[in-house]
Amino acid sequence: MTQNIAILGASGYTGAELIRLIATHPSMQIKALSGERKAGQPLAQVFPHLRHLDLPDLVKIADIDFSDIDLAFCALPHKTSQQVIAKLPRDLKIVDLSADFRLSDPEAYAEWYGNPHSAVDLQKEAVYGLSEFYREEIRSARLVAGTGCNAATGQFILRPLISAGVIGLDDIILDLKCAVSGAGRSLKENLLHAELSEGYNAYAVGGTHRHLGEFDQEFSKLAGREVRIQFTPHLLPVNRGILATCYVSGDASAVYEALVAQYAAEPFIEVLPMGETPSTHHVRGSNFCHIGVASDRIEGRAIVVAALDNLTKGSSGQALQNANLMLGLPETDGLMLAPCFP
Amino acid sequence: MTQNIAILGASGYTGAELIRLIATHPSMQIKALSGERKAGQPLAQVFPHLRHLDLPDLVKIADIDFSDIDLAFCALPHKTSQQVIAKLPRDLKIVDLSADFRLSDPEAYAEWYGNPHSAVDLQKEAVYGLSEFYREEIRSARLVAGTGCNAATGQFILRPLISAGVIGLDDIILDLKCAVSGAGRSLKENLLHAELSEGYNAYAVGGTHRHLGEFDQEFSKLAGREVRIQFTPHLLPVNRGILATCYVSGDASAVYEALVAQYAAEPFIEVLPMGETPSTHHVRGSNFCHIGVASDRIEGRAIVVAALDNLTKGSSGQALQNANLMLGLPETDGLMLAPCFP
Amino acid sequence: MTQNIAILGASGYTGAELIRLIATHPSMQIKALSGERKAGQPLAQVFPHLRHLDLPDLVKIADIDFSDIDLAFCALPHKTSQQVIAKLPRDLKIVDLSADFRLSDPEAYAEWYGNPHSAVDLQKEAVYGLSEFYREEIRSARLVAGTGCNAATGQFILRPLISAGVIGLDDIILDLKCAVSGAGRSLKENLLHAELSEGYNAYAVGGTHRHLGEFDQEFSKLAGREVRIQFTPHLLPVNRGILATCYVSGDASAVYEALVAQYAAEPFIEVLPMGETPSTHHVRGSNFCHIGVASDRIEGRAIVVAALDNLTKGSSGQALQNANLMLGLPETDGLMLAPCFP
Amino acid sequence: MTQNIAILGASGYTGAELIRLIATHPSMQIKALSGERKAGQPLAQVFPHLRHLDLPDLVKIADIDFSDIDLAFCALPHKTSQQVIAKLPRDLKIVDLSADFRLSDPEAYAEWYGNPHSAVDLQKEAVYGLSEFYREEIRSARLVAGTGCNAATGQFILRPLISAGVIGLDDIILDLKCAVSGAGRSLKENLLHAELSEGYNAYAVGGTHRHLGEFDQEFSKLAGREVRIQFTPHLLPVNRGILATCYVSGDASAVYEALVAQYAAEPFIEVLPMGETPSTHHVRGSNFCHIGVASDRIEGRAIVVAALDNLTKGSSGQALQNANLMLGLPETDGLMLAPCFP
């Protein structure tokens, strides 16, 4: 049975990535695409790489008839998303890709995002969309909150280690490098080719990046005590990919075993042979996440490195994976594309 | 019915691209992968981005049992290919991606490639693999010769114009820019990141590039007279993509109409609205070719620009399209992946 | 004797490049830097790569005391430049980097730029700033108009050939590829890293690029008859560099000799050995221009390829070269930096 | 007085960078360039970007007359360097850019490099070439050992902090990202543009990178006790630049003050305002090193980030700085070039 899909905010990168993936999905059909400022335009004008697809023109959200939509992806900016979703039909299944419903505590939300939440009841209802760890809740959820792309990467490394109790909780360091598409299609000087290519830098140094709100929430819940990690993101001159290098105290073999045990049956998470570490080249354009472990020459210290594509597994691929769960479809539908290398 | 596939020379870029595409094919199964120097290795070691696939290990060609293979892709180096194919079973369907069978005239081959052909009978048998123009011959062929990636791009522009008689034949200029993967996985100083990125240059200037042999053969055959074009390739600091800018004398509207008429029913060739020209960004990782036409301010001069992915439509995608034809499968199977942007 | 310099519009790329070059100049000192919207900021905030230099803060143009300024570089946007220069002291030496004074004919200006010129008397006074060809006029000029970066590249190839009468004038084709810094520090979607890197495209196809106005003016003047060339610019995923591939009819040896004769004594223009063609890698960050010639396999056709750095020889380096001439300084002062490779 | 210079191993990247810098030096003249395999070739053939310079052709080392050479830069591969230097005149001043004389302990050398040292007496004589910290020893040295580029970056961050006693010594983590030119001009698959661009990865994970030998030696000497840090290098898709992100325990203000105090008078090391962190964009092609400090949200934790150009401050610029010291010249001669941005 065909599932009818709407994508709200289809003129950004996560919107385009959703369309790219859904185009290969055996049972989803895109019925509506929204873009407030570009309403009326054919999608081929906004994203010429999708011109071969038979897609509806962009419309305003207010002009979408949701009565025949089975599920809506909401790829709108933060703050806008909560306002829009609050006005959508209460029985519509929704996967939100914004940051608006990731934090379940209104105070934590206000602290990290600088404004009170305008839809606190929806915030309570939303299920955190890390598919591999909230699979059952997602299956029965109406509203799923896609995770931050950095937040997903860090959790793929650390959740199994915290659960298994194989690492110290007070000296975790996550040094992460993210591709520029993670910043979206926004016109900022530092995102220009001339300013970004051929160099790199850290940003949000010292514990100010908003994805820390997700780490705090999730790791503390898992550990049953407050956990605060150090996290430094870096902006890299590539378009897709996150590589996270995580420094932990603990026995490297135990760390490795915990990861292998956790992910043995997962279709998208590959734990590499002990001692090998991954490259973003090898997950680019795909929904796969590669994780590798190495022991350090300093006893009792281990390094875990994870690589994924921020637009796919870190965002739109995760969203589609969640939608598959919510609609009772095979979880891997539309998501088995091999990475595009070179 | 499942078609059993062998890929000879699976450790290069066109081999990897074939595997990436075939992984999405509904009725092909890869039964054998060869790599002489890497025989015995799992493919995941050679191409970690394909590690999620269930594939046979690399073997030597001599160790492949061809009795249950329906079709072999031959992604071997030039000269090697003709020697290998000469020893394969005479009833095995073969798509060759090398240059060895593109020129049907042994003298032309010897002139462009600097050595006599060692399998002249096969050379005669081979069908030129430009799917859109040799479709019927390919359907019944046993041995198909994949075209050069630059040669394919230039022909997508020029064949309809020559056939329609809408351009002059004596002042055609093809200025072409090709991505580095077109040079294969070879260890050459000028292919190093440090030498290639952040700059660009022309090469084989003045009419010495071997793909000119294909242009000469095909355009002269089409026109019924000798046609010699000027062709300058450039090496560009990207991994995938060819953009060809072609300067012709003729009426731009007539040129446009000829292209529209030729490609109206083609699934992979998109003629853009008059005046728009394509970008390689919008075909990257896909089997599509975008073509655009503009009239020049100088009356009677037109510019035609085409973009495709050299590894896909220019090579492995074309090969798969030909294989589909040879095996009686739907021509677009495994080839409808949307481009990967950004 | 120290020459006091002002740079108007110092917060753009050509402004930054002027500062980088002047920092190595033995007899120039920067006394004033303007930036209307960033007035009051130290330059290190706008361009952290220049933080080691002892430079004045940015100010508004209206706040500059021009009485002790010997020469002003004007790196302002088109249209703004003519308005600002009209109000500057009439005896101030000025090198303008904008397009405002490149065309000497008010009608040609209006046609190419879409608005009437607001300072027609200055337009008449301005000398065209192609140093190698207007050296004597520049020495005695008060106002010099820097050329377009593409226009400079094309003229370095074609002026000697037109002057020497060794090529046909009715079938000149200039296929040019320009780095993204040529578009300036402007916030446009197609200049974002995510949209520009890993691909390439043509633009202003069909004879609509404004630098054609310069070609028309200069080539027609040189030839003593109307000359119209075909010119297609392409946008490339690098930050610096122009490569122009020029197709002409004529004897390649005669073409080569004309170039060698013209540039034998020029410090910045290097004609490569016959048959070699240049790469932008080898001029990056420098004021050099490399030119190479090849004969085509088609008799009577030649290809000339030129490479330069659009920000240096194509813009700020040219401007400094002109300023040296105007101030009676050695022409190469501040300009002999070797290219930065890799 | 002109100083006569020889560069041994001039056909690699550090050789080319030395020539680029020395070309702007007021009192050095290059008298000999060696390249064993390319002996007899003009340098313009090996490095066309240096073709405007008047340089001697490449020769074999055995053919150099060292009697009129004041100082030789040795830019040869590891192991070769110690053999060559052992045969050079004993009174020739030498700056070695290889790893051969960085470690003063023969056992440590054998452990990290896997073979016994063949010139132990020279090893004892050599002064460690971190200019800012061994200035006086370098002034009177005959043989100076250039540091590893990663090793220099880490030491610029950590030496002042260890000396000032403001950080813990047992939990230092250095997460470092290095450009590809750090790997030299070697033909390896992972250095190809098609394999390296558009992605990134860690390597030598777990404490196996040889530059750790330098960290161990220097930090232990400084601290008066054994110090072992965790160090993970990453390979990044740019040609120049190192960014090191260092995680330490200590008070961020004290860390900041220690850096400011150390580098207040240094011409090449810039400590950014508290809270700002650097970018490799802003040091590219220059001898500058930018360092920034941020406090973490976790009390007692600080992050220090340093950026430099691996080929300049990390290698050839450092070498020239040392040569200036050895020859009694102003330390900054030939080294004040501004970074090349964009």
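Letters A, B, C and D mark the chains as written, and numbering starts fresh at 1 in each.
To be clear about the criterion, a residue touches a chain if its C-beta (ideal position, glycine included) is under 8 Å from a C-beta of that chain, and two chains touch if they have at least 3 such contacts.
What you are looking at is a predicted structure, and each value in this text was computed from that prediction instead of being measured.
In this assembly, the chain whose C-alpha centre lies farthest from subunit A is C. Annotation: A-B is the more contact-rich of the chain pairs A-B and B-D, by number of C-beta pairs in contact. For the pair subunit A and subunit B, the distance between C-alpha centroids works out to 36 Å. Separating the CA-averaged centres of subunit A and subunit D is a span of 39 Å. Rounded to a whole number, the gap between the C-alpha centres of subunit B and subunit D is 45 angstrom.
The multi-chain contact residues of subunit B, meaning those touching 2 or more other chains, are 13, 181, 194-195, 197-198, 237-240, 278-279, 281-282, 284, 342.
Residue ranges of subunit A in contact with subunit C, taken from their complex: 13, 180-181, 185, 187-189, 191-198, 237-239.
Across the complex, subunit D meets subunit C through its residues 13, 16, 19-20, 23-24, 47-53, 181, 198, 239-240, 267, 270, 278-279, 281-286, 288, 290, 311, 336-342.
Only residues 171, 173, 175, 177, 194-195, 197-203, 205-208, 212, 228, 230, 232, 234, 236-241, 243, 245, 247, 275, 277-282, 284, 292, 294-298, 301, 303, 305, 307, 342 of subunit D touch subunit A when the two sit together in their complex.
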